[in-house]
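The first chain written gets the first letter, and so on, giving A, B, C, D, E, F, G, H, I and J; residue counts start at 1 in each chain.
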């Protein structure tokens, strides 16, 4: 079951470089693990913004929330979740 | 080069069923041809809305506009185009 | 799996009373059938508006879209779907 | 008498973990007590957000405000209250 | 129990003068009856707009919705309802 | 001459309890004095928000601004002023 | 007493040229009479829009509403009224 | 003196093809004449929308409004004008 | 050439009273000098807000930007500039 | 391939003058180098705002994002990117 998620990252301007690097590194690992196990299907950068559009394939709403709220950057992000359905004109 | 496009369809309520069916049938053919030639990469229905989120893979802005403005439903749609870039944490 | 849906109804002002009554009557039957089979869990009127907030319990996004787009009033409604997850402080 | 309430929590990023844990723990107790006495009827997490949608059953506006403004997280939340009425198509 | 209601009137530009006059006359009677029985406590015109702010004193949400949806101008109005509570600094 | 004013209070989260109590106490005195002299006609709490809707009866725009900008909480509030006129259907 | 008013004109696209000319001509006369008697102090066109910003000098809210709602174009305009006060740094 | 203008075209869906073609053809001529005389400096299509961003070089606000309001498509367009100034980091 | 400018002042709540007084005093001098030389034509307080609407008469966009960005309060203000043109119904 | 980009700069009010000057100086060099190599085609100040509208000519979305995210002021800016296509009425 697919969901489109837009994530906007807002790191505090006074966060230390070390702390920022650590959080981003954790985020990267967490994200890549989810990509490799097939639940984080797409991850695209929005041009000109510290934001991404992502597509997730999970079994239900609870799994998606658990996954998203577990992101190391979660406390610094605004998210907007759009549930997706099969489009009648989609080819396979 | 990828773009995310949200399309909201607003058919006039007084459009005849025949006309509506004809336009939708043309749209479907046009859409499926673009999906098959690899330029309309994803097509998802937004749950509860007569809308879709789509991802296009084209060579430049002009090609995307030509493609979108050629949609049979174009006069009845609001579109919002978001250019996408590669995300540094994206796997593969 | 639960979703909160807000529906705003906009019947055309020039729709005949007969047509309006027919559509509303169909909507009522469709809605009550879904309430009785347990998928349309809550249906509340928004005070002062021709709108409702509803909660649906369905197995996935596709089932919800099929259900919503099948509403007789669907062509006359704006909908906003919010996927819900279990709250950690919820009792039971 | 029912009200739908959306609550968005914005804890300051520089709040200590101890303080945050204490407030959340108080919130949980307060919330569960109200759920058990039947006034906080539903409590759902919004997927991907530190937010909830709740339904309250109270006897009047004053009781609802007293209840909401007494929440330990109240100073850190944005709330939007929507009064609900019985829907003519609601079953039972 | 008090509610603040903002009503914005949008009469169709092609409504006949006779029809408009009739609806407005009915609205006036309905409104004045509610004012006299003490449920429509205040009725003010918003300067420069075909809109009003009103305060209602009713016993619950259902009574308010019944009252508002019964307004002859209801099909032509956008309404926004704000439930009010006693303010701790209010003098009696 | 009447005006509707919505006031949203945003006290800084790091303001000391003593300072907050002092400002609120001054606000209360200032407000009650204006209520008693008949210029602050209504003061209602917005349910679920640290906000109020108020109605003022003053002789002109300058008097209203002087009154509002003199509020002890003025530096911490967002205000929206709506000038009101007599409604033709208002009963006395 | 001064008010800033923004007026956005939306003539129906199917209004006949004769009708449009007649309404505009009446509007012009009405407006110029008010300018000459000193109540419509300023009238400026917003560049690129069928809109104006105006400043009125009237004795109270009721007079302003009577004046604005009497405009021949009133049924076709959206208006936003902002009450103005003397600025402490204003010269003279 | 430069201005950025965004123009969104909204032709009525029931406008005849002949009428639409005629207006667009007039618009094209008018536009190209202004481009050739150096006042309409840039004209770009917004991808996916029946909209453009344009830059005008005119001597003052009045000249710009005269030019814009003279566009054959003016009655069918929403415009937003942004005055531009020289940027201190601009080369040349 | 005229422009309407809305300025919203947001002084940081932790700015010292001395610093605030100094900046406001400079602003006042700067503003009154521009009013006296005829370029800051009108300066009005928005009732209930720490905001003003102003009208400037300058020779071009660059002069206006230079003037506005030189305001001592510029770093603490949000501004919105609307270019004005002569209105065809304006008297004189 | 062209893109219109609006950039709004929000330097923290507590940033030291030295730090601000250093970042702005780096931004200026970076910007002018891109202007000289032909990729930052236009750079205009928005009158009254610490903002600019820019036009970029790059070969694809990735190049644009790399360029924009490399701006020294990037952490302090909100950006909005609009992809542009050739307009059919554009001369040359």
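FYI, a contact is a pair of C-beta atoms (placed from the backbone, for glycine too) under 8 Å apart; a residue touches a chain by one contact, two chains touch by 3 or more.
A quick note: this is a predicted structure, and the numbers were derived from the prediction, not measured.
Student: Touching chain B and chain J alike: which chains?
Tutor: A, H
Student: So which one's got more C-beta contacts, E-F or D-F?
Tutor: E-F
Student: Averaged over CA atoms, how far is the centre of chain D from the centre of chain I? Could you give it in whole Å?
Tutor: 43
Student: As a quick test, compute the distance in whole Å between the mean CA positions of chain D and chain E.
Tutor: 29
Student: Please report how many Å separate the Cα centroid of chain A from that of chain H, as a whole number.
Tutor: Centre separation, chain A to chain H: 39 Å.
Student: So which stretches of chain F touch two or more other chains?
Tutor: Where chain F meets two or more other chains at a single residue, that happens at 2-3, 45, 47, 61, 64-65, 81, 83-86.
Student: Which chains are in touch, pair by pair?
Tutor: Taking the chains two at a time, the touching pairs are A-B, A-C, A-D, A-J, B-C, B-H, B-J, C-D, C-E, D-E, D-F, E-F, E-G, F-G, F-I, G-H, G-I, H-I, H-J, I-J.
Student: Spell out the part of chain I that touches chain J in their complex, as residue ranges.
Tutor: 3, 5, 12, 61, 64-65, 68-69, 75-76, 79-81
Student: Residues of chain I touching chain H in their complex?
Tutor: 1-3, 60-62, 64-66, 81, 83-86
Student: State the interface residues of chain D toward chain A in the complex, per the touch definition above.
Tutor: The contact residues of chain D facing chain A are 13, 45, 47-50.
Student: Please give the residue numbers of chain C that touch chain D in the complex, ascending.
Tutor: Within the complex, chain C touches chain D at residues 2, 4, 27-28, 31-32, 35-36, 42-47, 52-53, 55, 82-91.
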